[in-house]
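Letters are used for the chains, namely A, B and C, taken in the order the chains are written, and counting of residues starts over at 1 for each.
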Amino acid sequence: MTEKRDFISIDDFSNEEIEVLFVIADKMNQLLHRSHGVLAGHLMGSLFLEPSTRTRLSFEAAMNRLGGRVITMSDAAASSFSKGESLADSVRIVSSYTDLIVLRHPQAGAARLAAEYAPVPVINAGDGGHEHPTQTLCDLYALRQTKGRLGGLKVILYGDLKYGRTTHSLALALVRFGTDVLCIAEPGLELPAYVRERLCAMTGTVEQGIRVVDENSVFSGKERQALLYCRDPQAWGIEDDRLKLDGVHCDAIYVTRLQRERLPKSETTLAQALPPIDARFLAHDAFVDAVVLHPLPRVDEIAHEIDGDPRSFYFRQAALGVPVRMALISFLLGHEMMRVERAKPRIFEERGKKRCQNPNCVIVSEGEYLLQRVWSDQEDAWHCIFCDEVL
Amino acid sequence: MTEKRDFISIDDFSNEEIEVLFVIADKMNQLLHRSHGVLAGHLMGSLFLEPSTRTRLSFEAAMNRLGGRVITMSDAAASSFSKGESLADSVRIVSSYTDLIVLRHPQAGAARLAAEYAPVPVINAGDGGHEHPTQTLCDLYALRQTKGRLGGLKVILYGDLKYGRTTHSLALALVRFGTDVLCIAEPGLELPAYVRERLCAMTGTVEQGIRVVDENSVFSGKERQALLYCRDPQAWGIEDDRLKLDGVHCDAIYVTRLQRERLPKSETTLAQALPPIDARFLAHDAFVDAVVLHPLPRVDEIAHEIDGDPRSFYFRQAALGVPVRMALISFLLGHEMMRVERAKPRIFEERGKKRCQNPNCVIVSEGEYLLQRVWSDQEDAWHCIFCDEVL
Amino acid sequence: MTEKRDFISIDDFSNEEIEVLFVIADKMNQLLHRSHGVLAGHLMGSLFLEPSTRTRLSFEAAMNRLGGRVITMSDAAASSFSKGESLADSVRIVSSYTDLIVLRHPQAGAARLAAEYAPVPVINAGDGGHEHPTQTLCDLYALRQTKGRLGGLKVILYGDLKYGRTTHSLALALVRFGTDVLCIAEPGLELPAYVRERLCAMTGTVEQGIRVVDENSVFSGKERQALLYCRDPQAWGIEDDRLKLDGVHCDAIYVTRLQRERLPKSETTLAQALPPIDARFLAHDAFVDAVVLHPLPRVDEIAHEIDGDPRSFYFRQAALGVPVRMALISFLLGHEMMRVERAKPRIFEERGKKRCQNPNCVIVSEGEYLLQRVWSDQEDAWHCIFCDEVL
């Protein structure tokens, strides 16, 4: 018996593991209709305690494509599910029925908690505003499908980078693979501080606050504030903090919608200030080879007129979620091996009586039974093992 | 690769295709328990954005009986499904996970729209008050099971013919097969005008407003208003607009309940004026060989006392929904062939800026991205391609 | 063709049948991952018209483990399910799609009614506050797993014995197998009168109202009211209605939570008066070999500190629900035989116009179509065939 693996954070897989996983996904993509015997006799518990129809259907499609079976609890039943029970108990019970748990939960750290109590592998399908790592896998896979590699690229993250949480893990993963990231956020919706700090630490540079200048009118001639994360800022030809778009050969634009349902009430009237991605936008020389990615659903940040453009990859990106999840499930259930270096496991320790103060952390709503533990990558910063916030 | 087929309207299949489909259904009915390998590896998306438990379970039973798999989104998740997304986008995403889409949607024309954007076959499982064509297939199949044929029969449609939308497609289909239809509606709940017009056009006669006279007290001796659609009114022995029930040999009575949930508020107090179908009703000579059909659920328009009568076929009719849907799914997924003449595809054209005004049409809620197109069977009437209303 | 069997009440199976069923469950437990071909081609209808996520998932896991398929209607769709239809009609329709029905319903007797109208086997997955017989099977199976037998044991039922309905069937079943039952209830939440009467009749003794004395402080030294059901009260060493806990060798403690959601409003402030089961509780000599069982979810009546104690069996008990239900489903679908004496079928007769007055009985909400029948085990007490209340 080998140790069970979970997939709670994109950090749980090394770059090498992600690369191998994508080779498996390639195979799955070719065998969509012929792989239905692979996981016969295996049962997945699809537990969605928060609405997420697309993600749920994508996971359930993946398991069915592999010949496995699915039992489902979707959010409508969530209120009756707990009956005052701890999440640890709920997970112990349902995981005893199945071979694999896919969990969506409104609280940060819920999937990490589930992984501790379930004897079977757990996949994080989104834990509040914290992580959604299989979306990151899909985003990376789509980029690799179109560009052939994950490193050495220039990617623009564009839109709501604060509440559009998929950009957080993606930025970190892209930089990990050696790709440069230029962040053009809606005003006030920049990446969170802890993500920005980690990006700087990983690139070994300081954050570059720059103004993107466009002489061919994409941004109506106005300068745009942006943040750049790269190992070699010189190579971008920045002068006086101004970056000329003309000189950039962009590989991909990753667009997110304004997450109106997550905005605090005070910000719900926030206007979308960035221009939409449309034919005029893509006509710029900088984007001649740039694929357009989006986690979907889109509202109007991408114009319908470019749906047929060969650079528009967002619908195929959604479709690729199935083979990527097939590969992940197959690996976690032991039907695919990855003989490469693993991500280093986090080192953690117990932390006396001091407990995480993040109101969205699962430890707050769960009772005293749950021990607070912390992890660190540096000596002086200790993070909650569940929600990753600094204690 | 052959062109994909969808099933959005009963008009999408020719009479010959329906006949062949029913031969396949006969086979499915015999193989219910032994056909579970046929569609192994195929995945159906069951998308019910409006409640319809019976129809959903019938489709999901059919797919499972064939060995295929199902992923389900039922109405409880519908409100969170769109997140401001267009229906076209939703359909593109979910259809990329699956091999077949079954769609129930509250708006007229939604299934037609879905079929345009999905790369896989789409089945209309009810689009608002517009069409519910698989119910019509089941109704026709039940009639064929009991009478051996679909043409040359005399069928009474009885009850709420306005909001009981299953009667609309059924009336048109029956007349198409050469069966005569006598409509006895609850007062004020006659067939809609456009259905009546098409019935007249198809039979080549004018609408017959008649009074059904019953000398053996089925209707308590009172005359009933009725409308007759047939190719040869003489053959019914009508005198002075009066039709004697005694002289009619009725093959089937198709009963519908008062659709109280669809009635406008002003009509919710509407009394049910027609007598229920009970033992006394069926004792009349006209009904000695008449099977009783009903799309179910029934409330009290059919008395429980006749549930055991050999002419009561409504429960078996419901059961036949599974083999009929098995046949349809098998055909659309290319596992059954029909080498007969196809229904003529509708000819359509774009229609400038004028858009459909039907408030229930899907084009009204969808954005500008959706082009208005129209179709016609006559030169002078142009119908919305989605909801079929005249523009 | 043999007569179909249903499983509506624990009384539907004889002791011998239960013993054989558990031998099948042993086999299922070993074959969890290898039994997926057994019921290929069979379809279960999972109809939950009241919330019950754990029970539903356990049944659906069982059917999938056997290779069968499942179609599901969970409570969110319940309100739209009936549309004024009788339960008999709903059952006739859905059962015509499937090979087996699992029904959860808010009204007492609903499963019995369903079994009468469905041509396929029906399993009662809980009918209001009436019965939940598969939970009883799981409880008995867990006891047998840990103690090797079902008779000749000493079991304490502990907690809310009134609204915690699982204790009702369990107490009756344990006494049927020859096990002694000591009931320690929260004040005011004793077993219902009809259960107590049947327990006395079965043991052939009068009810023993006793005080449990504890000299080693489990109950903080206070005496606790209790009721004892056994064939030989002498053997318990009771003196002056006082039972010394020290002298009892307890085999199992079956704990239930306060069912706050079922308490009448006047009782919702009811305090939990019994001490929780914790390390101190289990340290008593009487419990050195006592396994702790619980139908789950638990709230705080069992302390988290004993979760790792080898006597704590409640999570494994939940897991065993799957093989038990696999055995039951296999038997009802004819894939396992039990060549032992059957439970005697209840003798019933029609009962004129007098109808059951239990407001929770299914006959009250269903219409006149439903005939009242009664059954009896004694001459002078006639029980409603649906809810078992005395008419």
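The working rule: contacts are C-beta pairs under 8 Å (C-beta built on N, C-alpha and C of every residue); 3 or more make two chains touch, one makes a residue touch a chain.
None of the values given here were measured: they were computed from a predicted structure.
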Rounded to the nearest 5 degrees, what angle rotates chain B onto chain C on CA? 120
For the two copies chain C and chain A, is the contact made of the same residues on each side, with over half of the numbers shared, or of different residues? different
Based only on mean CA positions, could you tell me how far chain A sits from chain C in angstrom? 45
Multi-chain contact residues (two or more partners), chain B: 72, 76
So, in the complex, the side of chain C touching chain B is made of residues 40-43, 45, 69, 71-73, 76-77, 80-86, 89-90, 92-94, 96-99, 367, 369
Could you please specify the touching residues of chain C with respect to chain A in the complex? 33-36, 51-54, 57-58, 60-61, 64-65, 70, 72, 74-76, 257, 260-261, 296-299, 304, 315-316, 318-319, 321-322
